[in-house]
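Okay, handing you the structure first.
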Amino acid sequence: MLKGKVIGNIVSTNKFDSLRGFKFLEINLMEGDAKTDRYIIAVDRTISAGIGEEVLIVTGSSARAAVGDMNAPIDAVVVGIIDKNQ
Amino acid sequence: MLKGKVIGNIVSTNKFDSLRGFKFLEINLMEGDAKTDRYIIAVDRTISAGIGEEVLIVTGSSARAAVGDMNAPIDAVVVGIIDKNQ
Amino acid sequence: MLKGKVIGNIVSTNKFDSLRGFKFLEINLMEGDAKTDRYIIAVDRTISAGIGEEVLIVTGSSARAAVGDMNAPIDAVVVGIIDKNQ
Amino acid sequence: MLKGKVIGNIVSTNKFDSLRGFKFLEINLMEGDAKTDRYIIAVDRTISAGIGEEVLIVTGSSARAAVGDMNAPIDAVVVGIIDKNQ
Amino acid sequence: MLKGKVIGNIVSTNKFDSLRGFKFLEINLMEGDAKTDRYIIAVDRTISAGIGEEVLIVTGSSARAAVGDMNAPIDAVVVGIIDKNQ
């Protein structure tokens, strides 16, 4: 899994119907406590992560497994918020 | 998912029959608002993204799931155009 | 597979129910004996690797195969501890 | 998909029986018109790409989908030759 | 597929039962004739590649397809030795 910080979200009006209602978060990937320039967009369906929060992301076909739908048109999903002050 | 800017398209006369009719877009990947040198080719089946537009791309086996055909011979597909002025 | 050193673990209270009870290890990837900055989070279900230990990690859909559950919401799993003094 | 230039081919006498008869092309990946140092080996089953030609490559499980055989022991396949003078 | 040079092997006493009897080779990835710092561990089940030999490696779910067992807990497998003096 990857660790990243939520830095914003993406709006797309012209998109696949199968993506309607999804929230797309912009994520800066992290290496431990260090921010990197690496950037991905991950779907947040149920976690409701806010900007600035650090999240756990599952990618690839496992993202589809994580949401329990192997037909989901996604390759990255936020599966948890990492607790602060660890 | 990845964010990228459409910079052109590829024509291939000698290709797999299963790819006939597909439009292949050249994409420069982005990290937030910054352009990178990273480059991929993604199929655009229904979005009709134009040169200069910023798009959302799904990769890997999820690209096949996104087009609803796990036998599709593709590993990257444009699934949406990112709205401007966000 | 990847080789990495365990450097910590992640706690996530707000996460997918399907991840309850999983242990998430922070891993610094290695290239032979050299530490790199590359960082991933891998699930440890049965190996009980400790901080400082070097581990073998399986990623992608193969991580789900490794735990014998293609529906597991994970994309990286610790499958072994690498013996010392090789 | 990836864009690359064919720079040679690999011969392997001691290999999996399931790979007998396959042609393995050495490919230098490209970013638009620029050559990179990134290098992969891709199977060419029906395209017959020659050295110096620019090709379209599908990777991962989608390579197996592209050849219509999800049991094919390959993770990269040449699916087309990119036309010149575009 | 990837090209790499075998530089050693890994021993793991505490590992998944499903990995018992597997040989894990340490591989330095190559770009054409050039060695890189990139490093992976690949399973060698039947090829018996020795240290210093250059090998062909299949990764991801295709590694499981290559060994004919989609439940195999592996994501990289040596599928051939590259002939010398090509």
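Labels A, B, C, D and E are assigned to the chains in the order they are written; within every chain, residues are numbered from 1.
The criterion applied here is as follows: contacts are C-beta pairs under 8 Å (C-beta built on N, C-alpha and C of every residue); 3 or more make two chains touch, one makes a residue touch a chain.
No experiment lies behind these values; they were computed from the predicted model shown.
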{"item": "Minimal step count in the chain contact network, chain B to chain C", "value": "2"}
{"item": "Interface composition of copies chain A and chain B: same or different, split at half", "value": "different"}
{"item": "Distance from the mean Cα position of chain D to that of chain A, given in whole angstrom", "value": "31"}
{"item": "Cα-centroid distance, chain A relative to chain C, in whole angstrom", "value": "19"}
{"item": "Two or more partner chains touched - positions in chain E", "value": "60-61, 63"}
{"item": "Cyclic chain order - from chain A, heading first toward chain C", "value": "A, C, E, D, B"}
{"item": "Residue ranges of chain C in contact with chain E within the complex", "value": "1-3, 30-32, 34, 46-47, 56, 58-63, 65-66, 68, 79-83, 86"}
{"item": "Chain B residues touching chain D - in the complex, by the definition given at the top", "value": "7-8, 10-16, 18-19, 24, 26, 28, 37-43, 60-61, 63-64, 70-76"}
